[in-house]
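Look for chain A in each of the two complexes below; its partner is chain B in the first and chain C in the second.
And then the complex of A and B:
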């Protein structure tokens, strides 16, 4: 087995053994800083969370005390607020993710017409994407304000409202989804635009010559070609959406009642307001496992989809 | 834009359809930009102009909100903190992440591929699962409310991000680049720093800027790991938005919000071409 360098230079020097060890060290040195940082800042905290989740948390020493087995997990599993919070998170994910992916690709198609302003329009879509989520939450809280917000004022013109955006549980969830969609759809638009531009043109030409109409071209040519990108976009967006925290914190703080209390906000409150660190750790571990399993499933499904088309 | 548009499916479509699409595209972008415009506009209003029906589009602008809340919400100090943390986390992650990304793309290492998959999976770790132990450890070590703590915390999501982007970037470079350099007597480090880094500079710069933006906006770790001295702007915004005691302080919210958003938008538009390219590659090759 020869190393990279030997392949490149074609030399087998007498110092080969020593050279090989040095080379191996040099090569690993590229990786080492990342490994070191990620082990201390990522792997170690996860193991510490697991440790706390199986222990009694001692407020006096502010650390894990004795091992209590599955006690924290049992307690969390019997807490209806935990289930409620998972349910709320799921509603958000099930509605927001498909909505954003479909809307993102639709808008990308819309803005992909060849004209002088196309580049400018595409660049403008970067702007919402870099607005801090916490700012987005606060800003929309003002726009959707039941009394003074400009949204209700405008809805009044078409005879809708006034809508109590943050007082009604269903509307509050709708508000969260609207804000999140506003913040994240542009991100999908940009990916989708690039994907549309990369589509092979001759296939569409052929479909046109064969007399395929717009709809059948979309479904039997464009969508199958786009499936890998759509699947990848969905997975990326999913990885971001399960971290939902900032927008809810700024816009509704989980309210009214617990109607928008997504899991990350609930765990945050339990840990840092109620100081129930052991239970929070148990919840965090459950969420971590759930996320990993679902991410694995999605990655698998997207690979299957790719083979299918 | 030189690349031709893919039109679905007829390229010789009637110009009416094209015009409708253009109009639709402009309308959608106006809808998406309006909330930001409205926030910036509101930040220049006084209280009387904010709380009024119908909403005012024309008024005498005032800087009152900026002057008042720059002092009150400790914004200058927070701005400095946010800059330090964003720059620190961005620079640390770009150096560490680029080297690791290069190793994944080019340097054949046993076990490195596995490490790459683990890194990819780490993007699924909920930050709250890290925030609890980080808080407890930082508290024990007396590292709460320090810039370095936030910088290290942010590297947990920035390094994987940089690694992944730069990996796909390096894989797109021709292999002969370093090979010929190393035949000419360059060491592996020499080839990396003298050949690879210089030609990757635009990509590196945009990745750095985007990493800094991600750090600039982060809320959860900042809430948990800082209190007074090293606290950042997003924490202030969360505080103003969530202040139910004093009611909606829209002047403060919009002024601080505008200060947060403007620099980021300027930087993002500066690197927009690279940003779009990076996003597209991240999605298609990731």
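And then the complex of A and C:
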């Protein structure tokens, strides 16, 4: 008891200092595995990429040869194909993201009503998320096949088609967006369902007593209450969507022509097919910076929205 | 016409019946409090009047109209919720005007009515604020404002003060009472706090596990509780109870053999009974029931003495101060008309719980 008090009151300072060192070591030893993992898996590849983006790449040593400054960047910036795939990526993002978020929340709002079998439907909704993206791409390739795909067969019943899903540039982009939406909307439905369940019920009851109809309940109560969640969901989905690669790889491989050649696929092609590692590293860095800037903007905007509502 | 008639109303969730046939007639302009422990069905009943819950059996009439199948918005009622239920993204003015806007009331009329309500409730400086910029008391005042701008036939309050701290609760309580005296709108007020019910209501409905125990004015309930439950529930600190047998008309024997002389006989002449005496009805006398003092708690205006009588805890509340010390023996006396007799039964636990709350 008395020694405890001595320690606590700081009578024996060497003991205390040793305690602090031990404490620090314990802390760092706990953090060490995570730090090691992050450094090898994240920091090293990023710095390696930045390094070779400013260098001439030597295939023999598989590393940076000599410092060339902004040369790689200048070359990439003057490559129309780079701008073209950025444009394609933008088209995909601008259509797919709002579509998925709106669809996800709309479906959640509609299936939020109590009904038998709701749990089963919710479970079924998870399936697209657990299917491997390459499998999803391949599966949809079959569904959308112009000759024997079931989609054109069905569309035939309502007098539409036959549509050349992967031959027409516009339709190919539409196909990619459809597949991506099929895959990711359920994820948003899950988030939205959880958000809807967490909303205060009494506000909706107050709206019922105040005489709000379905439409004004939606716009005056549900949507404003959900705005912070919608914004957060948008940012999460954005972070996933900018990485778009696998579905395009499996379904269209960027075609027809370059119609669905999203930036990640283009970088991948340039690096591992054309072996232009330095240039693709430069492109990767540009995309990284762009993504970080836009993500920062979205986060700011969503925080602003949270303050407003 | 703001009358509310509740006729043999039942509510079941599946096979579970939570309201077993409840009937109340509420006059125009009357303030009725539904009070009872949690789970007694008081909130369910209120929500059925509001139209937020279906009615399983019986009828609810507002005015002269059966409203069983009328939508909440068409019942001409306004409700104040425990968690205020304000629209978080609308400012105070829009919160209060929302119902009128849904009814296509003209802009100038909305403005006039919101301003009126704001003046009554002292909300004028806050009209442009959002709910999150308001304190709990202010939010509840906005919720009340939202109700009064509609000028409904009936106000429904669902535990409106439960989320406020004790001091604010007392203040808001008198504001609600003042509001009712001014507007004279029929009011149904749900609370688990018997003090709130007693101080606010013209009539109190005491409910317990889905039935009505007693309906009456606050003082009727206090003076003539119809059941052990009402006796235990109404009054703070709660009534003291002693269970025992009558040896003759006025000699009452407790379980351990202690004999007490009662100042009056049981009007129903029971063999076994539970007698109840309120703490404030005891007087300390020269002769009477001997009790050993264990705790003395002075509050200035009154003193609460906890003592033991034949092993039972007895609370005594006397006006003013006392020189009595713990360990001493005091003698308790009670006037004949202040002893309550009930059929012998264990005392409902609710008394102690509500006292703590």
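One rule holds for everything that comes next: the second predicted complex is superposed on the first by the 294 of 309 C-alpha atoms of A that agree within 3 Å, B and C clash if a C-alpha of one lies under 4 Å from a C-alpha of the other, contacts with A are read in each partner's own complex, and residues count from 1 in each chain.
Definition applied: a contact is a pair of C-beta atoms (placed from the backbone, for glycine too) under 8 Å apart; a residue touches a chain by one contact, two chains touch by 3 or more.
Since this is a predicted model, take the numbers as computed values, not measurements.
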Partner chain in contact with A:209 - chain B first, chain C second, else both or neither: second
Chain B versus chain C as contact partner of A:308, first or second or both or neither: second
Which of chain B and chain C A:124 touches, first, second, both or neither: first
Partner chain in contact with A:182 - chain B first, chain C second, else both or neither: first
Partner chain in contact with A:220 - chain B first, chain C second, else both or neither: second
Touched partner set for A:262, first chain B, second chain C, both or neither: neither
Chain touching more of chain A, residue-wise (chain B, chain C): B
Common interface residues of chain A - those touching chain B in one complex and chain C in the other: 205, 207-208, 212, 221
Touch list for chain C against partner chain A, complex: 50-52, 71-74, 77-79, 81-83, 85-90, 98-99, 102-103, 146, 150
Chain B residues within the chain A interface of the complex: 1, 3-11, 18, 21-22, 24-26, 28-29, 32-33, 35-36, 38-39, 42, 50-55, 95-97, 99-100, 102-104, 107-109, 112, 115, 119, 121-137, 139-140, 152-153, 155-156, 159-160, 163, 179, 182-183, 187-189, 192, 213, 216-217, 219-220, 223-224, 233-234, 237-238, 240-242, 248, 250, 253-254, 257, 260-261, 264-265, 268-269, 272, 275-277, 279-280, 282-284, 286
Sites on chain A touched by chain B in the complex: 4-5, 8-9, 23, 26-28, 30-31, 33-35, 37-38, 41-42, 44-46, 48-49, 52, 62-63, 107, 109-115, 117-119, 121-143, 145, 148, 150, 153, 182, 185-187, 190-191, 193-199, 201, 204-205, 207-208, 212, 214, 217-218, 221-222, 228-229, 232-233, 236, 239, 242-243, 245-246, 249-251, 253, 264, 267-268, 271-272, 277, 280-281, 284-285, 287-288, 291-292, 295
Residues of chain A touching chain C in the complex: 200, 202-203, 205-213, 216, 220-221, 224-225, 227, 308-309
